[in-house]
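You will see chain A twice below: alongside chain B first, and alongside chain C after that.
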Partner chain A sequence: MSAHRRQPIGMLLSAPYAVFIAAVFAYPLGLAVWISFHKYIFTAPGVDVPRPFVGIDNYTTVLSDPAVRRSFLNILVFLVINVPLTVGLALLLATALNAAVPFRTFFRVSFYVPYVTASVAVVGVWLFLFSSDGLVNQVLGSAAPNPSWLINEHWAMPSIAIYVTWKQLGFFILLYLAALQNVPKELYESAAVDGATKWRSFRSVTVPGVRPATTLVTLLAIITGANLFTEPYLLTNGGGPSGKSASPVLLMYQRGIEQGHPDTAAAIGVLLVIGVLIIAGGQRLLERRQA
Partner chain B sequence: MTSTLPVGVSTDDRAGGGTRKRRPWGRIVGLSLGAIAFLFPFYYMIVGSLQQRSDTSLGGAFPKPGNVSLNNYHEINAAINLGRSLLNSAIFTAGVLVGTLVFGVLAGYALARLRYRGRGTLFAAMLLLQVIPFQLLVIPLYVQIVRSYGLADSYLGMILPFAINSVAVFVFRQFFLQLPDELFEAARIDGASELRVLRSIALPLVRPALLTATLLTFIGPWNEFLWPFLVTKQAGKQPLAVALANYISTVAAAATNPYGAILAGACVLAGPAVLLFLAFQRYFVSSDLGSGVKG
Partner chain C sequence: MKPRIPLAALAALTLVAVAACGGGSKTSAADAAQAHGPINVWLSNNAQEVAWGKQAVTAWNTAHPDQKVTAQEIPAGQTSEAVIAASITAGNAPCLIYNTSPAAVPNFQAQGGLVPLDDFADGASYVTARSGEAGAQYKSPDGKFYQLPWKANPVMLFYNKKIFAKAGISTTAPPLSTYTEFLATAQKVVSSGAAKYAILPSPSSQFFQSWFDFYPMYAAESGGQQLVVDKKATFDSPAGKAVAGFWQQLYAQNLAGKEAYNGDSFADGTAAMASVGPWAVAVYKDKVDWGVVSLPTQAGSAEDQSTFSDAKNVAVYTACTNRGTAWDFLKFSTSKEQDGKLLEMTGQMPLRQNLTQEYAAYFTANPKYKTFAAKSAHVVEVPNVPASVEMWQAFRDAWSNSVIFGKEDPNQALSQAATKINDLVK
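The block that comes next holds the complex of A and B.
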């Protein structure tokens, strides 16, 4: 085969996708940054208004807004609960599934069902389950929190974090199942020969064996958390009680589109991405040190 | 799935771990608890949608003959016109599927099998955009699509940001990469054009990839809430996820059995995605999607 023959038709075939990426990701990304440094208001199509450069004004507005600061803190609470729970449960269930167990397909399918279902639909049943006189509180009796979960300022954000863990877990189990196929069986066998317990071989063979997948799962869980919108909007009725479960994206929607300040909303978005990059970078650093 | 496609073989069905003779009871108990936690809310969703009067007691988890009716479905249908919203969801989803299956396949094929200027850049961009939170782009996309192009309350405005699913492009690329070179050489020596090679040789061999990508792409727009919520203000254009969310946040309180009506709407919204997934679940396996994690 002529190794260096070029096939320019490839450019033609991938042109629609390249244009799509440029128009729907690259350009808006640049526009978001641009808007965040300018005074920007919505106008009707074709209307030209001055949009002066305002430096970091939008950022100072956003950072001095207690509601926005609170929303970033809320996301940290979310991540602290959601990420370890996701990594731990997904790896445990994937390991349990990665063996000859009866009804394997049934288990696998049941774990994926929440992931393929619309959050709007599942939120409906969670509202029902966790309402003040809902089934969960009926089971708990006097141990139920008062006010109930979703309207309790201490429990609202943890409830959302647990909901999202439950909803997304299937996808992460899927990623871990793929990674587990790459852990050499011989390692388990030699661990067994050395008399390692099941827990011990999980700790010293499985966990290090799937480390690249853990990095990916952590990163994706962080990005999912940063994107949080539907759940605080519907589950806790717009980030309530008193903003204790508001997310940055919910604030972006309220400030940008409801109140018509796309410039400050864009600044929230840019800060959010910087935050994700910092957390993701810090997590990688931590993992390198452990490895 | 054919054995010529290592990546298409469901590694999920291969047992790993120990080879002990006795039944792994610990695993079975753990997996069963998991299955109950994952499935019970769906069971409860159906039971609740059929309750004439909302019953949150423990006994309410089992349907009672005297309390079963389809009233909730009538109530939600009167409030949000299920047929119309389902049609809107279907059009939105179909648009994204067509875009992905046409342009995504072309891009996946080019990225896997052709050498040309810009291929590396495109592949890098594809991987990079996986880590950009989509919601960051919501404000500029809203400015562009709704304000500049005036595409509010239009299917095109809904579809555009999702038109080609990048994960599907990645899946296509992985599958095309697995095909043997000789196949393509032979066809090209016979003088077949690239498009013909793709259509008559490559595509039939990656049918599992098409099904995996279809399933994966379907759940995106069908379940999406934020973007269509921003684009559609007219009830007649809202997909079911948006219409139901509006019902939950504003209208439900006025209904006689608000939870019942919400759960009936939830069943209608969840139904198509869950049934499609159950029918094609064997294509939704780790080896197809997780190929990026391996190595």
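The block that comes next holds the complex of A and C.
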């Protein structure tokens, strides 16, 4: 007997979400792939314009564009900094917040507030902190970089990566906190009986115990990071200085929406999806081997 | 958590395409041009313009109860142009938008979203009669008008008198006429500590930011040339290089800021000067004791020198079925009476010939606007060419890399940008 006959109510209940996924993700994704192989512009309904198949022309156009290549390199730099930082800090802080520390609720809320606050408002605070005359440079004095963080070609992308880590940490801490509830207390007790230090207990009990959550956090951090848009748009003047913090999605917005070239924008998007799948697949393979 | 996956970015892009599947009906252009009935219009979200729009709509609706006009502000979005482009694709654009950027017109036209005003019997003649020769700048390459030149905000230079006084600079005749004078004044402002920066136009890489640093000064320096003339970039020239060299010095000496500013740097006193249009008169009325002069040129500014128009126009959109009413309302809302009301309520300059004579009483009562009115006879528009936004982005990228961040020789950057732009607009 097939599954849907056995669980008709289950099928019924999951149908709305399946339809949602099909309509909002699957169909547009398919259409985007189609657009990326055609010469395409958005037109008013009823306007008949030729949309010829152009093979891989859109892909060669974007791959031969130094700005696009630079944006992919930028996002790689971003991921190399952001993902390990996110995973490490989220796990450490979640472990700390899981222990009986004073003001635990206050700290949990504090870490979560940046995540739920609108980016535009939070970016304002970071501009105040990291501008030339900002608080950070005043503390650092002569050790502050020149040009300052957000207009420094070496520091702009790392600054964004740190900002995004901070902004999203609250959500990932929550994921780890939930996972920590599933680590059996007996394991910690056994480790203590065996004379394990807190650090050893963290390495040998906590880290393996939350491995599924680590996989999820890593994947989500990679996916979220690859879709970076708001931060370079607002924090570094639209991907500056000189495109050193431009992201592929920012270029997709410029090319597809502002300049009316959805075909090349779609090609950038498809390349980005492929890139993310490769990175996520590699990460998954690595984790399996380690496990 | 809403995972911002690349799929989501792709989905957003393609949803615009999907939206095209719904709405919109094929209407013959000739029939639609004669059709009358209710229409919708969109207004900019500027409070004064909304107030003006509401009174215009009320006045029209009182006289034409059978052709009701409904007005609303442009829906919120990343930019008005992105919202308008999406509404064209979805087939739910209104009949008229009183905030159509001339730089976006070529894209909207390519989308099939705009009705040529030449479809109306008196379309082209109305534009010419109202705006005179200046109206010709708004013609598309096919010789038709897809926009009605509505209002300009000629860009001039505001200076903060308090800061100038603190720096020991004349507040009545400040030396700002030539590049040399401007640089000396700027150095005085900053070295005296009167203000952090002499001037702080947005250093952002958005395509339109060059309209507020390079383009007004280029219009002045080049004797009113557009960025592109006859499908050729004009700025790889002594005038373009002079303007780029001037700004490069301002940035290199930290007289202009390279970082985004969170707020209004002129109102806050962080910058002593700002390039602004007449809208600034009302905005800074109670905040800054200001003076206004023409933008500097290498040889010295003159009263009749050109500047950038910063115009916003009105277009009729193809989703409109009652285009006869749209055209009648457009003429009503740009009549001498309504233009006068626009001037009174917003301080922005209708793109109408003989402005100072037509509204002499207003300018006598409001002398602060007179300088801008005089300048509105010498405005230069963005060129109406295909790939307009792409062209401005190419220019901005070159400007940003060379002039603002000093990573490249400005002359070389301008030359490369000109080659790229020639390819784009040919």
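Criterion: the second predicted complex is superposed on the first by the 270 of 291 C-alpha atoms of A that agree within 3 Å, B and C clash if a C-alpha of one lies under 4 Å from a C-alpha of the other, contacts with A are read in each partner's own complex, and residues count from 1 in each chain.
Everything below uses one rule, namely that contacts are C-beta pairs under 8 Å (C-beta built on N, C-alpha and C of every residue); 3 or more make two chains touch, one makes a residue touch a chain.
For clarity, every value in this text was computed on a predicted model and none was experimentally measured.
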After lining both complexes up on chain A, report clash or fit for chain B versus chain C. clash
Touching partner for A:Pro241 - first (chain B), second (chain C), both, neither: second
Would you check which partner chain A:Leu286 touches, where first means chain B only, second means chain C only, and both and neither mean what they say? neither
Just checking: does A:Leu140 make contact with chain B only, chain C only, both, or neither of them? Give me first, second, both or neither. neither
Is A:Ile56 contacted by the first partner chain B, the second partner chain C, both or neither? neither
What is the contact status of A:Asn98 with respect to chain B (first) and chain C (second): first, second, both, or neither? first
Determine, for the superposed model, which of the two partners chain B and chain C contacts more residues of chain A. B
Is A:Leu127 contacted by the first partner chain B, the second partner chain C, both or neither? both
Using the superposition on chain A described above, determine whether A:Leu73 touches chain B (first), chain C (second), both, or neither. neither
Applying the touch criterion given at the start, work out whether A:Ile278 contacts chain B, chain C, both or neither, answering first, second, both or neither. neither
With chain C in view, single out which of the stretches 76-84, 256-264 or 274-282 of chain B clashes with it after superposition. 256-264
Would you tell me the residues on chain A in contact with chain B in one complex that are also in contact with chain C in the other? 24-25, 27-29, 31-32, 35, 40, 42-45, 124, 127-128, 131, 133, 223, 226-227, 229, 234, 237-238, 249, 252-253, 256-257, 262, 265-266, 269-270, 272-273, 276
Contact set on chain C toward chain A in their complex: 1, 3-11, 13-18, 20, 23-26, 78-79, 81-82, 85, 88-91, 93, 107, 110-113, 196, 202-207, 258-260, 262, 318-319, 387, 389-390, 393, 397, 400-401, 404-405, 407
Chain B-touching residues of chain A, taken from the complex the two chains share: 1, 4-11, 13-14, 16-18, 20-21, 24-29, 31-32, 35, 40, 42-45, 92-93, 95-102, 104-114, 116-129, 131, 133-135, 138-139, 166, 169-170, 174-175, 177-183, 185, 188, 192, 198, 212-213, 216, 219, 223, 226-227, 229-230, 233-234, 237-238, 249, 252-253, 256-257, 262, 265-266, 269-270, 272-273, 276, 280
Residues of chain B defined as touching chain A within the complex: 11-18, 23-24, 27-28, 30-32, 34-35, 37-39, 41-42, 44-45, 48, 56-58, 60-61, 103-104, 106-107, 109-111, 114-119, 122, 125-126, 129, 131-144, 147-150, 160-161, 163-164, 166, 169, 181, 185, 194, 219, 222-223, 225-226, 230, 241, 244-245, 248-249, 259, 262-263, 265-267, 269-270, 273-274, 277-278, 281, 284-287, 289-295
Please give the residue numbers of chain A that touch chain C in the complex, ascending. 24-25, 27-29, 31-32, 35, 40-47, 49, 67, 124, 127-128, 131-133, 147-148, 150-151, 153, 171, 220, 223-224, 226-227, 229, 234-243, 248-249, 252-254, 256-262, 265-266, 269-270, 272-273, 276
